[in-house]
Amino acid sequence: MSDFEREGRFDEASGIPEEVSEIPAETPADAPVDAPADAPESAPEDAGGTEEQSAEETAAAEAAEAAAKATAERLAKKAAAREKRRELPRVLAGMFRNMPPSAKMALSLFVITSVSAALLAATHILTERPISEHRQAAVERALAEVLPGRAGYALIDGAELPGSARELYAAYSYDGGEDYAVNVAPNGYGGEIEMMVGVDAGGSVTGVSIVSMTETAGLGTKAGSPEFLGRFTGKRAGVSIGRGDNDIDAIAGATISSRAVTTGVSDALAAVAAYTASSYYYAEEGDGQ
Amino acid sequence: MKSDLKSVGSRFSDGLIFQNPVTVLLLGMCPVMAVSVSVFNGIGMGLSATFVLIFSNTVISLLRKFIPENVRIAAYIVVIATFVTIVDMLLQAFFPQLSKSLGLFIPLIVVNCIILARAEAFARVNGVFNSALDGLAMGIGFTAALIAMSVVREALGAGTLLGVPVMPPGFRPALLMGLAPGGFITLGFIIAAMQWALNRRKRKGKL
Amino acid sequence: MRDILSAVTALGGIGLAFGLVLAGASKLFAVKEDPGYEAVLRALPGTNCGGCGYAGCAAYAEAVSSGGAPVNLCPVGGDACAGALADIMGAEHVKAARVTAMVMCSGGVRVKKKFDYAGIPDCVAAMDTGGGPPECKYGCLGLGTCVAACDYGAVSVVEGVALVDHERCVGCLLCAKACPRHIIRPVTYYADVNVCCSSKDKSAVLRKICEIGCVGCRVCEKVCKHGAIRVEDNLAVIDHEKCTSCGDCAEKCPRRLIVDANLDRGPRAEPAPSE
């Protein structure tokens, strides 16, 4: 129980006005009262002493008195501040109630949006590492699927990325060879189909792996089946749906999804072609193509 | 606590049966149709929406004296959107597979009618505990309806439950069930069954 | 930390901006509201059932605050609401005009049957089957169409005749609409004395087919000191404006038909003699 709570009851019981109660009634206030009382008591006792001594002592007594008064004032101020803090929520609520309606609207929306923003930013900080880790793991899984058994993979910055191509990776083999994988995200029937397309140095597809798709279950999702994706292996630039050697069969009933995957593979091949033509020249393999 | 056991119970019976948001109030149809294709998605969506419902109802009830009438819709949407975004981030970070499955429909929880309807009809005028309870009850009702629908639609439309094949070999899945018409037909049957059961109870003289 | 700050400034700024926009809009599109109307509307339960006779709570609030409509018309709000409205309008307190449905028949198992009915348990269907099983062509068929119509569980079939629980009844009168013989009527909740019969058959006919129905003997008419009960078409009818619920008619009715809720007289006071 705090001083003031005790005093509150004291006030109710004895009817002492509240201003008086702000000054704590316990020893810290009593002490200064006592100290000056002590000093005069001791002073007459020493009145018989030398002049210097009494002067010193009087000075000391006065100093003690001043210090004690200062302490009392400080404590009183602290008490007043504490009381004000208690009142604060009530005062704020009163202020809010009396605000003009436009200010109320603006203020409440401002507070709600600010607090929400803070909460969201905090959550973002909490979750961004796991999210990027998951993405990284998914990409690595896809890379390993389309270009298995490589020594290492590296993301190539600043590569030209036509169409739906998003990222270009290079994969290095133990024997020094370099192949590529492109992360593409063509638009399917139910949204983007994120895929990883592996392309070897010679410009033909090594494999296609789906990272994520939200196509119609049972229909469009067939375009993510290994059987369909396997049709792309070995195809080269210019692959499309059709009958030719470099073409693949679409899936019946999943035209749009099939077309999307084909577009993605085609864009991947174009990205690799652009990269090998740009700043890269493989003397042994002939013209970069 | 003002609410006694009986009123807590009636909250739950309302949310689950008599005022089930999907089969009685017919709210939140869009995600129900799209998500109830698989049981895994249905449960995931139901739990996410329940989380959002509880928190948004609680916060809106806490703030109900502070939000002026004229801006209340904007304020509710901000609160709801905040919690949905939090759910979205948490799912992406800790349940990435579910996040990928549900995809676009997690952000769509913001405009799920159920959440705004409960905020407007209940949390705005009731205390914090009751509002939280209502959010929980409505969320459970929503999840239950989703599970009921997705069990039927996944079993008949893909032959599996939670990815596990449950139909006898040689069963050819009915693709219709995975598409919108199948969803509406399933929902229609569920609503009819519920109404029949409730009317039978009424006829027998109970309430 | 920088992330948090930028998010708060961005979103907080948008919130503030839109708050001000809404503030401006609310001033621009402000509608002058009558404070009396607002107070009355707030006091009403807001179910918009139309039980007061007006098109919803807003219409009733309008009628009360500016049109001088009676304050006691809300059946859902009851006495509490009537009192609140009376306080707002400075009128005197009146009891709420509560209406309950009443089945004007006491026959049921006391009525002879033409035949055993084993068809669809529905009064409408039974009426189409040779005019219905009971001999009395005015009375209750007892098959529960009204029971099914009630959303509040207030109607049940007791001893072969429908009975309304006045405490549960809210006065929506869906049972009255459902009854194919139209023998369910609205009666004020405070009416303690009622003649629950609809038969216009003459005494000679009625005695043969029903143990309790009104034969039109006029004993009640002679006994009533207030002129509240008359016999018309062989059926006693109470005028509730004049009735004081003294119960004299119920005491003297030779058939023990008249219901007196205060003294629990009437058909329900004694169980049916036979099944």
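A, B and C label the chains in the order they appear, each numbered from 1.
Going forward, contacts are C-beta pairs under 8 Å (C-beta built on N, C-alpha and C of every residue); 3 or more make two chains touch, one makes a residue touch a chain.
Bear in mind the structure is a predicted one, so any value in this text is a computation, not a measurement.
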Identifier of the chain whose CA centre is least distant from the whole-structure CA centre: B
Far-end chain from chain B, centres as C-alpha averages: C
Pair joined by more contacting C-beta pairs (A-B or A-C): A-B
Centroid distance [mean C-alpha coordinates] between chain C and chain B, Å: 37
Averaged-CA centre spacing for the pair chain B and chain A, given as whole angstrom: 28
Chain A-chain C separation of Cα centroids, rounded to whole Å: 61
For chain B, residues that touch 2 or more chains besides their own: 70-71, 74, 78
Sequence positions of chain A contacting 2 or more other chains: 101, 105, 108-109, 112-113, 116, 120, 124
Per-residue overlap in chain C, given as positions that touch at least 2 other chains: 15, 18-19, 22-23, 26
Contact set on chain A toward chain C in their complex: 101-103, 105-114, 116-118, 120-122, 124-125
Complex contact set, residues of chain A against chain B: 96, 101, 104-105, 108-109, 112-113, 116, 119-120, 123-124, 126-131, 134, 138, 191, 212, 214, 216-219
Chain A partner contacts - residues on chain C that touch it in the complex: 3-4, 6-8, 10-12, 14-16, 18-20, 22-24, 26-27
Chain C partner contacts - residues on chain B that touch it in the complex: 70-71, 74, 78, 199, 202-203, 205-207
Residue ranges of chain B touching chain A (in the complex, touch as defined): 37-38, 63, 66-68, 70-71, 74-75, 78-79, 81-82, 85-86, 89-90, 92-94, 96, 100, 103-104, 157-158, 173, 175, 178-179
